[in-house]
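The structure appears below as structure tokens.
Chains here go by letter, A, B, C and D, matching the order in which they are written, and residues are numbered from 1 within each.
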Amino acid sequence: MDIINLVFVFVLAIFLGVELINKVPSTLHTPLMSGSNAISGITLVGALALAGSDNEIVSILGAVAVGFATINVIGGYMVTDRMLAMFKKKEGGDGK
Amino acid sequence: MDIINLVFVFVLAIFLGVELINKVPSTLHTPLMSGSNAISGITLVGALALAGSDNEIVSILGAVAVGFATINVIGGYMVTDRMLAMFKKKEGGDGK
Amino acid sequence: MSTEIIDLVYIAAAILFIVGLKFLGSPATARKGNVISSIGMAIAVIATLFTKGLNFELIIGGFVIGGLIGAVVARKVEMTSMPEMVALFNGFGGLASLFVGWSALKATASPEVFFLVTVFLSILIGGLTFTGSLLAYGKLSERISGRPFVYAGQRIVNSGILLAVVVCAVLFIQNPADQNWLYLAVGLSLLLGVMFVLPIGGADMPVVISLLNSFSGIAAAAAGFAIGNILLIVAGSLVGASGIILTNIMCKAMNRSLSNVLFSGFGTVSTSSGPVIEQGEVKPMSADDAYYVLEAASSVVVIPGYGMAVAQAQHVVKELQELLEHNGAEVVYAIHPVAGRMPGHMNVLLAEADVPYDLLLEMDQINPRMETFDVAIIIGANDVVNPAAREVESSPIYGMPVINADQAQTVFVLKRSMASGFAGIDNPLFFKENTRMLFGDAKETLGNLVKAFD
Amino acid sequence: MSTEIIDLVYIAAAILFIVGLKFLGSPATARKGNVISSIGMAIAVIATLFTKGLNFELIIGGFVIGGLIGAVVARKVEMTSMPEMVALFNGFGGLASLFVGWSALKATASPEVFFLVTVFLSILIGGLTFTGSLLAYGKLSERISGRPFVYAGQRIVNSGILLAVVVCAVLFIQNPADQNWLYLAVGLSLLLGVMFVLPIGGADMPVVISLLNSFSGIAAAAAGFAIGNILLIVAGSLVGASGIILTNIMCKAMNRSLSNVLFSGFGTVSTSSGPVIEQGEVKPMSADDAYYVLEAASSVVVIPGYGMAVAQAQHVVKELQELLEHNGAEVVYAIHPVAGRMPGHMNVLLAEADVPYDLLLEMDQINPRMETFDVAIIIGANDVVNPAAREVESSPIYGMPVINADQAQTVFVLKRSMASGFAGIDNPLFFKENTRMLFGDAKETLGNLVKAFD
């Protein structure tokens, strides 16, 4: 039953992801790519738990994962923000 | 942990429902309403399990639920289909 | 069937529901979407039947009775009565949730708090949905007056009932053995459904039904939490969310807020309210004279409204369209999002009469080119073509987007009298220079026009 | 912090990711969306740190090192090198999934089959993502040749590797104690990533990166299944799905299929291939003469391409725009979806130069009114304005939607030579009656134009 719940979550998230991204203008493809790339650094959360293990091999492997995932997360969000900071609208217009 | 999975499913399904329905043209509001109404007859599945209980009260209440839910399901889908059967496009055009 | 297989079928069913809902959102695929969604329901039910140790006698009884009622009603109902049918079915869905919750409660020896809360929710929301939907059904089918029933302190009374329900919930959850609190809460929730729908006018019922539809989804989801059935949660939440969004889309189309719909008793005023700004001469015209105008027209826009539904004039409209087209004119229909008494009302009626849906233009498509039409034929529409919404700031419908029929070269208005429409306000359009009134039942008037063509 | 609270935080984080992704889909809200999503990440990480019994030394080590590298690289990188940066980060994400899977495997004494399968998936997809992304990085940053590397039997070799991986998987799962099969599989998956990206040309890298991004999401989701962490599943699947969809949108914009992008080695041909249909006289023009034309123009459309990126001409373009506007002309930009070497390449560059994004029009908006422009200035674009895509059926790019620059009154083409663009085909536009070539580096040419205005 537990696995089936996880599968349900998986299926729903896939459909939701598809709905969310469909029809994004090409203007935003690159920042969208790097922004969602940063989200995939969520492995960090999984890595943290493992890095805290008593078993030395486990915790070292986990710590390595923490390191790489952190690069992905920090770097990804910062790069995306830098890109998006440059998207400006002509003053006075309203959002579209 | 089990409850939390269910809550995750709930949250994802809510967001998905919102994304799916946003921007539907008003032409389709009534059939959409009755079509999704039919889906809410899914309680039928819950009712079935209860109607099969050994406990007499439980099974009678369950059977009553089966009856009402079946009206909702059968009636809902049929009415929706009748409505939609009448939506026709001018011959020769392609779907839009 | 092992539970793993049942679970897999449930996942497949959930996917079918999702895909079905998506397809329901576009005219070209909507019917397929409904079929897909019904297949999802079918496989879910069949898989559930394979659960071990079911009592088939009772189940089959429920199936047969419910299925027969549902099928017969769905086949017999008139196309014009669709909205009340949807309301009725929705009410039964709510009632089913109530019974599922109740039954689950009886089935559980030592319930936990989480279970009790969700059971309580499914029973209450189910009950409220039931009576609310029944009342909506009554109002729409005109078994009871469609008038909004408003009295002072309404909100206070309703809040009081809601508070009482919460108190019952707390008392019940603290001592689940004593089920009197539960029964009291059920009674209160049934009452709440009635009190909630009473102050809302018949013409606002579609919004209410959509909202109640959302509630029935939430009730199903709550029942799913109670009995730990994930498919109920998924399907229920999908419906819950889509109902809310649909409600919201409808309110936007009417340029009103949800709370205005629910609490304001819109439609109470039945006679003219504000000062009539632009009076003038009303120019009646006979069908024969109108024929000559139509005969010469090369482009015609038909604007139907609630009166077309009352007169059941959709078939004769289609006849007229064909005659006009035969005569070389372009004919399109302009459909206002809230024309009639339910969203898409006009679309359903015209579809019944085999009018292709690509001739039905939305307001935003038609308004910019309204001036290019030789004739606008308004068939039993009133509020949705009222220029006061554009011109008269003091009008209760000021700001509502309308079809600018008055900008066509000539305007024909087909209605029986000078009476006002649903919003109960005067319509300056009737007095405009280029307007001609064709008084009488729309079906008859159109019939005369058709005869003139033959 | 109790696990219940952590779970609630996880739900909040999932909601923030969803809302963040939604906001990322519209220019006006994208930056806010990225912040929202990063807040989701932050609260998820912080909540996880409250899990009992963590070994903080190692964790902090990982944080500090990874955080520093990420932050420094993200700050230092040139705007023009964004695509390769994204590829690199993506590779690290894949590597992290590999290590999480591996670590989880070591942490589990008697693993079940489901666990083993998911661990295996997270390791393999993670590994493939890692090397594939590294190679994409190398090609984009021109550390290695961007040329597609194609050889006969490529697909057979790749399928062979994939098959070998599956065999390893089966053997490993049957006897998880013997981890040699796993190590072999890891090696093979690293190899597969390389082999997969090798045959793809540098200019197709954005599609590949988007696909690898999707893979890294799937790897995270697989890791989530392995360690039973639902947030990993949700976030991973969201990214997995959105990456696939994005890949698909990009392919559509280039009018090519995904398999054409992945397997065809597009861009291999570096010299003119087909017969040149429309030859004629090339009419070069000096910047000074061009100035007089621009001075008299009342509407100008700027069409940038890859050459603008090479020349780093975005700032001087903006200068010219302001001068033209000052001179009373309307200036807009026409952006082809695959102009440059990554999707949105032109948008990012022009945004860097502070060009307001509502001046950037998409192809479909600009083509219908192209004739109304006095001058079209093409800055280092070639394929995306090639009329052969419309006119020459034998052309490899026939059918690709292009910007119809040739329909403007006068066309200025700023490039260094008569060389072809990425697709390696001749461009009949250069020989048209109304085309003038302004040879030279785009930045220099534009600089001369600006000087002429002063």
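To be clear about the criterion, a contact is a pair of C-beta atoms (placed from the backbone, for glycine too) under 8 Å apart; a residue touches a chain by one contact, two chains touch by 3 or more.
Being a predicted model, the structure only gives us computed values, none of them experimental.
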Chain pair, A-C or B-C, that carries the greater number of C-beta contacts: B-C
Averaged-CA centre spacing for the pair chain C and chain A, given as whole angstrom: 41
Whole-Å gap between the CA centroids of chain A and chain D: 16
Centroid spacing, where centroids are CA-atom means, of chain A and chain B in whole angstrom: 33
Chain A, residues touching no fewer than two other chains: 1-2, 5-6, 8-9, 12-13, 15-16, 20
Sites on chain C at which at least two other chains make contact: 18, 228, 230, 234
Overall pattern in which the protein chains touch one another (line/ring/star/complete/other): other
Chains grouped in pairs wherever the two touch, ordered by label: A-B, A-C, A-D, B-C, B-D
Chain C-facing residues of chain B, complex: 2-3, 6, 9-10, 13-18, 20-55, 57-91, 93, 95-96
Touching residues on chain C, where the partner in the complex is chain B: 17-18, 20-22, 24-31, 33-35, 37-38, 41, 44-45, 48-49, 51, 53-56, 58-59, 61-63, 65-67, 69-71, 73-75, 77, 79, 82-83, 85-86, 89-90, 92-93, 95-100, 102-104, 106-107, 114, 206, 209-210, 213, 216-217, 219-221, 223-225, 227-246, 249-250, 253, 335, 337-338, 342-345, 347-348, 351-352, 354, 356-360, 362
Chain B-facing residues of chain A, complex: 1-2, 5-6, 8-9, 12-13, 15-16, 19-20
Chain A partner contacts - residues on chain C that touch it in the complex: 3-4, 7-8, 10-11, 14-15, 18, 228, 230, 234
Residues of chain B that touch chain D when the two form their complex: 1, 4-5, 7-8, 11-12, 15
